[in-house]
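To keep things clear, I will list the structure first and then write my remarks on it.
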Amino acid sequence: MAINSERMVVRGPNTVTAPPQPQAIHRRKKRFNTRTALTLLAFMAPAAIFVGIFTYYPMIAGSQMAFRNWNLNDLSDTSWVGWGNFIKLFESPEFGGIVRNTVVWVVGSLVPQVVIGFALALFLKRRFRFRSGYQAFIFFPWAVSGFLIGMLFRWMFNAEFGVVNDLLMKAGFIESPIPWLAEPGFAMTAVIIANIWYGVTFFAIMILAALQSVSEDMYEAAALDGAGKARTLFSITLPAISVTLGLTILLRVIWIFNFPDIIWAMTGGGPADQTHIITTYMIKITQEGDYGQASALGLIVVFTLMLFAVFYLMAMRPRKANR
Amino acid sequence: MKSKLATITAVGLAALLTLSACGGGAGTKDGANGQVTLKMVESLTNPTRTDTIKKLLAGFEKENPNIKVDLISPPTDSADQKIQQMLQSGKGIDVVEARDITVGSFGANKWLYDMTADLKGWDGWGNLTENAVNYSKQDGKTYYIPYGFYGLSLFYRTDMVKEAGFSKPPVSWNDLLTQSEKLNDPGKNKFGYAFRGGANANSNAVAVIEAYTADQVDKENAFKLSNGKTIFSAPEAQQAMDDYLEIFKKGSPPSSVAWGYPEMVQGFSNGSTAFLLQDPEVIATIKESKSLKAEQWNVAPLLVGPTGKAIQPVATAGWGIAESSKAKPEAVKLIKYLSQGEPATEFSKDNSLVPILKSAAKDPFYSTGPWAAYVTMTENPGTYISAVQPRGVSWWTEWIKKSDGELQRVLTGKMSTSELLASWDSYWTEKMAG
Amino acid sequence: MIDKQSTFGRISKVIFLSLCLIVTVFPLYWIVVTSLKAPGSIYSLPLDYWPREISFENYVGLFTKSDFGRYMINSLLVATVAATVATFISLLSAYVLARFHFAGRGAVMVAFLLTQMIPGFIALGPLYIMMTNMNLVDSETGLILVYIAICIPFCTIMLRGFFENVPDALEEAAMIDGCSRLTALFRVLVPVMLPGIAASFIFNFVNCWNELFLSVTLMNSDENKTIPTALAGFISSFNIDWGSMSAAAVLTVVPALAIFAFASKFIVQGLTAGAVKG
C-alpha cells in the first residue's frame, strides 16, 4: 500500500526501465521439472503471503466500503449504495477545487524537481574533490520522513517567528511578514517548496545513475564530430537516458499524487481547502468518520493513476523504438 | 536438496506462527491470582494531563491491588479516530474518554456501556454539581461521567491593555474591536486578538452570534431562537459576523486564518497577541509559559453582545466504558474513583477545568487569580446565560467541517458574511426539521 | 574524453552546487539551532541565528519527560528486523521473477506495482480489525509484519532489475557443480549483487524508520511507540512544542543521515550497476 511510499521511490525506476539485456533476449524458455516448479513456488510464497494478507486483503476489504453507506458516526445503516458515494463526491462543492489543487501540486512539484535534479546530476557526473562527501549531504532530505519535513517547513514558514520571513525581510524582498500558511496562494507555494526540497535529490540520484551508464565512446564520437555542449546534451545525453527519465517521471507522478504527508503536516489542507489534494482530503474524510466516501476517493485515485500510467506508457513506446 | 528447502519453509512458517501468537487483549483476567488489567484510552492528550492521569491511576491501583490500568495516549490529532477503530474492533479498550461531541455517535453505534444500573444508589451522585449530574444522565442513559467542564472566557494581557491606555479589559465584542485595533502593530509582531480561523473556528464565530442574539436564544438549544428559527437567521447575527470580521481585519494577525487551538494558545503565551478567547484549560498551559510572567496576564469573563449579555456554551468530556469490555465492574470502580473526592478535584485543578464537585465552590483555588472570572460568570447567570448547544448530534462533525470551511472562505475573501449566514441558516433549519 | 571546462562553466558549477548545498542543509541547520535554544527564547525577536546560550533543556526533556530512549530502541528494532526480512523475501521473489518465464509472471508484477497506486488510507480500518483479531495490535511483531508487507513489492521490483544484469550462466555453472538453487543463489549471485542489495536494505530501513500512519494506528501503549508517533505527540491540543520537536527531529534524522552518508556511494553504485549501458 502506498503509505509512506515516497521513500520507496528510489528503488524502482532504473530497474523498471532496464530493457532486456543481450543475454536475457537469448534466454531460452526453461522447461520446468517438478522440482524446479516447487522451488519457484517456495521462493514466491513468502512474498505472496505477506502482500496478500497484510496489503491486499485490507485493501479489498476497504474498497468495498466505497459502495456502502459506511460512516463511523452512525453505523446503524451500512447498506449498499451503489455509486452513491462517488456521486456525492462529484457533486460536493469542494471537489473541483481539490482536483485542481492536485494538478497544481503534482505539476508544480514535478517540473522544478526534474529541472534542478537534472542539472545537479550533470554537475555531479564528473568527479571532483569532495564529491562523495557532497553527495552524502545533498542526499540527506531522503532520510527525513514526509511528516517531519512538513513540520520543519511549517516552523520555518511560521508567520511571526519563522526564519523564512526573517530572511526575506533582511534581504529586503518584503517589508512585512507574509502569513505563508494562511493565504491561499502562498500556502500552496510553501507546501510545493517543501516538496521540491524533498524530491530534487531523488531525481538527481536516478539521473546520475543513468548518466553514469552512458558510454563514454558516444561522447568521444560526438566530440570528434565537433558537436558543441548543447548539441551533445540534446543529441547524445537526453536520448540515451530518455527511457529512464520517462519512467522515473511516471513513478514520481504516482508518488507525488499519493503523498499527503507534507501538506497534512504543514497546513492540514487549509486555508479554506486551498491546499487540499485528493489524498489529504481523504485523510480528512476518514478522520470525520465517513469511510465510505474516503474509500470512494481512494478508488478514484487508483483509477486515475492507472489510466494515466497506461496512456503515458503508450505515449512513450515510439520513443523507445527509436533508440 | 528438497529436504533443505522443506526445512527452510518449515522454519519460516514456524517463525511466522510464533510471531503471531503473542500480544494480549484488554480487560484480561488472569485466572491464577484474580488480576485484572484495564485499558484506558484518552483523547485530549497532552503531556501534563497524561502525567496527572498516571498519578491518579497509581492511587487507584494502590487501593485496588488486583486491578491494573494501562493508559493509552494516542496523539491528539488522530485520537478520536483511533478510539473509533478500537471501539469498533471491540478489543483492547475498557475505559474511554468520551466527549460531548463523540458520545452521540459512540452511543448510536452501541459502543458505549450504559452504567445506569451500576450507579444506582451510588453515594457519589450527591457530591456532583447539577450540571455534572445532568450530563451524566442525558436521555436517561449514563454513557459517561464528566470529569470537568469547559467554558469560554477572555484571557488578556494586563500590561498591553494598560500601555494602550485602557483602564480595563474588554467587556463586550465591541470593546474587543476597539482595543485590538489600537494594540495591533504588525511591524513589531504585536497583535490584538488571537483569532480562531483554523480548526473549530466555528465555535468562536457561534459565540459571537449567540452574544448578539442572547435575548432570544432558546436555552435548551442554543442554535435556535425562541421563535423557532435558527440563530443564524436573526438580523443581529449579520451585525455580529460583520463586527467579528472587522476584529479579524483590524486587530488580528493575518496568519490567524489558519490558527487552531495550539496556534491561538501559543500566540498568546509567546506574547504576540493580547487577547485570547479560550477554555479554562489554557490557564495551566499559560502558567507554564516561559514568555509570560504571572502579573502580565489575567482572565476576564466572556464577551457580551450589544444588549450586555452572553451565552455560555457548555462543553464537556468524561470517562465511559466500552460495551465490549470484559471487566465492566472493575471499570465502573475506576470511574467512580475518578469522579469523587481528591482524584476528581486534583484532575480538574491540574487541567484547570470547571469542577464537577459541589465542594469546589468553597475552595479558595477557584475564587482567586485567573479563576475569579469564572466565579463572576457563575454568580451572574442573567448576564452569562448557560445554554446547551446541540453538540451531541451525529452530524456535528459534518457541521464542523462545513462551518470551518465556509468561515475560512469568508476570511480569505471568497464568501460574504451574509452568504455564510444564509448557508448556516438553511443547514440547521433542515437538520432541525428532519 | 572532453575535459575542457571553461572558467565560466567551472564558476557556474561551483555556484550551482553551493546553492544546492546551502538550500538542502539549511533546514537541518535550523532545527539544530531551534533545538539548542532555551524553550522560552524560541519566541524572542529578532531571531537568533545561533542560540545566545546553548541549552540542552529540550534534549534533557525528551529523556526525562518522555521515554525517548525507548522509542529509539523500538524504532531501531522494528526497522532493522522488517528491513532485513523484507530484503530477504524480496530477494527470493525477485530471483524468480527475473529468471523464469511462467504464466502469471506479468500479473504478479502488476499486482506489485498496483500497491504503489493505492492510497493506504483505504486499508487502515480493515487492517486494524484484522490485526485485532490476530492479536497483533500494540505488538512490535504486528508492526514488523505489516512493514515487511509494505516493503516487499518495490524491493522485489528493484532487485529483479539487478538480477537481470547478472548473467544466468553464473548460477547455472554453480548448479552443475552440484549446488542447489538456493545455495547457488546465495553463494554466487548475492556477492555479485551486494551493492544493489545494500541499497534495497537501506531504503527499506529508512522507510520503516520514518513510517507514521501505520505506527499510530497499530501501536497503543507508551512502551511500544516508535519515534514518528512520539513526534506526532508533540502536537498536543494546546501546544506545538517546537523545541522538543526539533530536538527529537535531530535525534531522528542523524542516524538515518549517518547511514545515508555511509551508503550514498553504494546507492549510486548499486543503481548504476542496474542501469543499462547505452
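Annotations for the structure displayed:
When the chains are written out, they are named A, B and C in that same order, and each has its own residue count from 1.
Everything that follows uses one rule, which is that a contact is a pair of C-beta atoms (placed from the backbone, for glycine too) under 8 Å apart; a residue touches a chain by one contact, two chains touch by 3 or more.
Just so we're clear, the structure is a prediction, and the values are computed from it rather than from any experiment.
By number of C-beta pairs in contact, chains A-C lead all other pairings.
The chain with its Cα centre farthest from the Cα centre of chain A is B.
One simple way to say how far apart two chains are is to compare their mean CA positions; for chain A and chain B this gives 38 Å. The centroid of the Cα atoms in chain A and the matching centroid in chain C are 15 Å apart.
Multi-chain contact residues of chain B (touching two or more other chains): 1, 5, 8, 78, 88, 189, 270, 272. Within chain C, the positions touching two or more other chains are listed as 43, 45, 124-125, 145, 182, 232. Within chain A, the positions touching two or more other chains are listed as 39, 46, 161, 286. Residues 1-2, 5, 8-9, 12, 78, 80-81, 84, 88, 104-105, 108-109, 186-187, 189, 197-199, 253-259, 267, 270, 272, 394-395, 397-398, 401, 405, 408-409, 411-412, 414 of chain B touch chain A in their complex.
Per the touch definition, chain C reaches chain A in the complex via residues 1-2, 13, 16-17, 20-21, 23-25, 27-28, 30-31, 34, 42-43, 45-47, 89-90, 92-93, 95-96, 100-102, 108, 111-112, 114-127, 130, 145-146, 148-162, 164-165, 167-169, 181-182, 199-200, 203, 206-207, 209-214, 228, 231-232, 242, 245-246, 249, 252-253, 256-257, 259-262, 264-265, 267-268, 271-272, 274-278. Within the complex formed with chain B, the residues of chain C that make contact are 38-41, 43-45, 65-66, 124-125, 128-129, 132-139, 141-142, 144-145, 180, 182, 216-217, 220-222, 229, 232-233, 235-240. Residues 1-5, 7-8, 10-12, 14-21, 23-24, 27, 29-30, 32, 36, 39-40, 43-44, 46-48, 50-51, 53-59, 61-63, 65, 116, 119-120, 123-124, 132, 134-149, 151-153, 155-156, 161, 163, 166, 197, 200-201, 205-206, 208-210, 212-216, 218-220, 223, 232, 240, 244, 251, 254-255, 258, 260-261, 279, 282-283, 286, 291, 294-295, 297-299, 301-302, 305-306, 309 of chain A are the ones touching chain C in the complex. Listed in rising order, the residues of chain B touching chain C in the complex are 1, 4-5, 8, 19-25, 39, 41, 44-47, 70-78, 82, 85, 88-92, 189, 261-263, 265-266, 269-272, 281-282, 285, 289-291.
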